[in-house]
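In structure tokens below, several structures.
Next come two complexes built around subunit A: one with subunit B, the other with subunit C.
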Partner chain A sequence: MLFCAEITDFKIVHNVLRSIAIKDFAILRPMEEGLKVTLDDMKCVETSAYIPCNMFSFYRISEKEDIVLKVSLKTLVEILNIFGDDGNPNLKLTYNSPGSPLCLVMKHKDENITVDCEIRTMNVDETRALSLADECDLNKIVINASILVDLLQRLDNFADEITLTISPDPPYFTLKATGIGGESEVNISKNSESVTVFQCIKTLTSQYSFNLIRQILKVMTYANKVAISTGESGLLGLQLVISSEERHMYVEYYVTSIFIPE
Partner chain B sequence: MDGIIPGANVKVLARAINALAKIGDDLFIEAKKEMLTLTTLNLRKTICVRYHLLNSFFSSYEIDENELTQQSRDISCKIHMKTVLPLLKGGSSREKDFLKLEYENNSDVIIFKMKFKCDDILMKHTLRLMDTESLTVEIKPDAGCNNILASSSFFSQLLTMFSNTDDEITLEVSKEKVAARNYIVGAPVRSKSVRSQVNLNASEFSIFQISCETSINFALRPFRTAIQFAESFNLNIGINFDVGGKPLAVILKNPTFEVNFIIATLNPYSDLQSSMATTSIPTKVSNPKNDDPNITVEDQEALLNVNWSEDFDMSEPTSDKADERSKRSGFQEVVKNKNTEAKVAGKRCKDFSLPVDNLPMEVDHEDMDVLPPSPESPRAKKAKLVFGRCFEPTFSETYLGQVLAPNSDSE
Partner chain C sequence: MKFRALITEVPAMRDFMNIALSLSKFSKECVMRITARRVYFIISEEESGPRRPLVWCELPVNFYFKEYNFVGVTEQHNEIYIEFSTVLFARSLGILKQDVKSFKIKLTNKDSPCLTVEIELTAREIASREVVHDIPIEVISRKHWSDYEEPRFNDFHVSIQMPNLKALKNIVEHMRNMSHSLTVCADKNGRLTLKIKTNVVTLSAHFPDLSVESFAVGQIPVLTDCEEELQQSVHSTVDIKKFVMFLSGLQINNCRTVCSIVHEKMVKLHVEQPGALTIQVFLTELTV
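Here is the complex of A and B:
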């Protein structure tokens, strides 16, 4: 038995996983601290959802080896929603050995229904050595998620690209979206109420495709706070904290910037 | 032109643009000395909606007097509804302190600046405009001889009697009462549709002045949009109309703004043959710029002289003068406008009205074996002109000189 966990009240987990499920397959990595679900899109976008071990009512993992498996995320999300909105189901996950299917047992408390599922798993070939979090070490700003979502939705006027500028001089944080309809620009001061943390070493401007940012907007609506960090290479990291009744889970989103020839 | 709209009125502007977006795809913004007018027309030019925002609507309204003295009395620009709608869409989730509009005459862009109450966040949108055109609507909203006025809740209650699938409403108006129907008496009955009739007395209206009894039929959709807008601000709805066939105006008045919905109408009992397309509202869209450096004078003349009816079968027996005028003005646009966005080019083609009836084929019963060939389509004729060279023999001596190899194709 490599990995075994039980969780109740996972509505928020289901919502988050459903919002990030843009690709078919995801890599599951049960670790000591919790379960990590990662999706990679064309090597330019990486989304990860962390479910900390304290969200589970029971969590046991084999210490001997690193466990990595690839499953169909869409199937997993559908199974999580098998009872729909009603009921308070209890989910038990088990993974016996490398190559064995991922077993899910869903128990509906009130109606005494048990659903037994097995999802086929696949091997994972690549192992990425570099840590994306370390690469985004230049600037960091923590902002209220609801404000950021609202601003991004208003900037989204069929926009193609979004330019992000973080600078130690005013205006501190600028978002600019350009598209066929025109341009939109918004500034947020570091002294604003929604900004909790503002660390800026040097001014950095980078451009990202708005489509990629749109993908993360759905999850951002569930989040309380967003930490935006950028690195010298232009890599953008968004870390979202999603809270539900004193339990927290995290989503990380890394996007590479558009190359602008000099 | 600079205008600052205070927070409370930004909601009005947002709802106004939402209502305008339901009718047309392009928004005309005209800034006059005493008001700002937002106008849109629907595709077939049978509905014209105008929002007049008076000076008092703005906390500050500045317009450069010098720019007004030119041929038109206003500064105007045209913008895609799709460009401006997302800015003001959605509920008032974030309270706004103000919205500022900036436009310089003959500029390519219009600037919307919005300031949010929380956090002092300022958002600036620079929106690209379409080709500059000015619009003259040749209808006065209070030209009709009949007037009725009632509250918006009265009209929205009236609307609940009709279903959402109803397209048209017919009012049979007499001096003492009015009957509202979603069908035409005597017309063939469509199965599966509920026919509703609501009888209203003159006393139920605040104002009911009828000089000329008539039956008037018009589209329900713009009427619904007008009533929804009026209800959100608790405005009284006034309807001014003449006889069936002349345009009807829905007028909403408020101390700071005025709204006119001008809808083309029919008299269902005398105009059964004609369709709504022939009763369009006479409007004129013209481009103030006369010279287009990209098209030479000869090309301009050639474009004017091309007989477009060769391509399109314009065999409609009843074509209204207004319809022809709008078609012709559409062609002037083609000549005079600068050819920039492909989108605008696509829209020009929509001025044409497609034939309603296909000419029936006559079959000769005596010679059933000999089938007449299908009539040559006008397109084929034109294709032969354009691709004429392809129909000639493959080689022509006069062009190239000596024959290197004889024709190998057998014709």
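Here is the complex of A and C:
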């Protein structure tokens, strides 16, 4: 047995996984600290959800080897919600050996119904060693998530690009959307009540595809706080903290900047 | 050929409306068979080839109608078969949601043959109103009657009570997003299992402790599997869309539902409100 876990009340886990499931397949990494679910898109976007082990009522992994498996996330999300809204089931996950299916057993709380299923797993060809977090080490802002969602939604929604500027001098943090319709811009001061952390060493400006940023909005609506970090390479990292009944889970989103010729 | 029927009781009107609403969710067209004692609604498989009934709904005349005048095609063949749009029918009957005094349904010949629905609304501040809807129909000639014969099966290997349809519907709707076919299994211990199997996933939902009405294990064709448990179960694989259509279309609550299976041939769902209605849905084995 490589991995075995049990969880009750996983509605928030389902919601988070559903809102990051933009691609069919995801890589699951059961680790000592918790379960990590990663998706990447064309190597320019990477989304990961962390479900810490304390969210599970039972959590055990084999310490002998690294466990990595690839499954259809769409299928997993569908199955997690199989009882609909009123099921409130508990879930047991098991993964026996490389190549074996991921097994799920769910029991409905009120009705006498059991669902068991096996999701086929695939091998993961490559394992990426480099840490994206290290690349986003220059500037960091922690901001109230609902404010950021609101601001992003209010920017011109037909815009193609969004430019992010973080600077040690006023106006500190600027989001500018550019499209055929024109430009829209919003500034956030570091002294704002919604900003809890503001670390900025030097001014950095990078441009991103607004479509890619919009992908994260869905899951950001569940978040309490967002940490925005950038680095010299232009890589943008967003770390989301999602709390549900004093339990926290995390989502990380990395997106590469658009190359701007000098 | 004559048909005129009157409903005056509100519960009977509501039931009749819910049936019309269910029919409209099942199919665009339906056949109404009118006889002296019963009214039938029949929905056939849409595919070409021999028309097989998919849904068979039976209503006893005396439960619904206060007045019922009926003369069939001939004395010998004392029945009427008509075909019409379930959507128009359901829309016309939707008025029964309001405060209705009486509801009349009859065959008329206006510009073309019609099923005419006359609804008299209860008078309030304004003067009483009558709503008349004409639903164009096609009268089915006698040579085609045999297409709508009542399906009779008595060789089911198992008949098992269905669990709470709401919970079942939720599960099957999610299964539909993953698979085209659904395997329905039942064993003699009262366990109903719904199963899907695709390249990506194998999923089974188990509903234990249901009452088994009949189980004819001896008649099941030879099963090669040596596990004893498997030998004791009967299964059939059907089109999941039709299964979902039935569950989500059915607008009638508090029914007794029984699932019957002919091993590797068909699944029949039988809904009954004793004395008021029976609906049967015939889902044949999916041929790959």
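Everything below uses one rule, namely that the second predicted complex is superposed on the first by the 261 of 262 C-alpha atoms of A that agree within 3 Å, B and C clash if a C-alpha of one lies under 4 Å from a C-alpha of the other, contacts with A are read in each partner's own complex, and residues count from 1 in each chain.
Going forward, contacts are C-beta pairs under 8 Å (C-beta built on N, C-alpha and C of every residue); 3 or more make two chains touch, one makes a residue touch a chain.
These figures come from a predicted structure and were not determined experimentally.
Colleague: Name the contact category of A:N157: first (subunit B only), second (subunit C only), both, or neither.
Modeller: In the superposed model, A:N157 contacts subunit B only, not subunit C.
Colleague: After superposition on the shared chain, which partner residues are touched by A:E78: those of subunit B (first), subunit C (second), both, or neither?
Modeller: second
Colleague: Please indicate which partner A:F58 is in contact with in the superposed arrangement: first for subunit B, second for subunit C, both, or neither.
Modeller: neither
Colleague: Mind working out whether A:C117 is in touch with subunit B, subunit C, both or neither, as first, second, both or neither?
Modeller: So A:C117 only meets subunit C here.
Colleague: Can A:E183 be said to touch subunit B (first), subunit C (second), both, or neither?
Modeller: first
Colleague: Subunit B touches which residues of subunit A in the complex?
Modeller: Of all residues in subunit A, those touching subunit B are 147, 150-151, 153-158, 180-189, 192-194.
Colleague: Any idea which subunit C residues touch subunit A in the complex?
Modeller: Within the complex, subunit C touches subunit A at residues 163-164, 167, 170-171, 173-175, 177-178, 199-209.
Colleague: Report the residues of subunit B in contact with subunit A in the complex, numbered from low to high.
Modeller: So the residues of subunit B touching subunit A come out as 80, 82-83, 86-87, 90, 93-94, 109, 118-128.
Colleague: Touching residues of subunit A toward subunit C in the complex: what are they?
Modeller: Listed in rising order, the residues are 72, 75, 78-79, 81-84, 87, 101, 108, 111-120.
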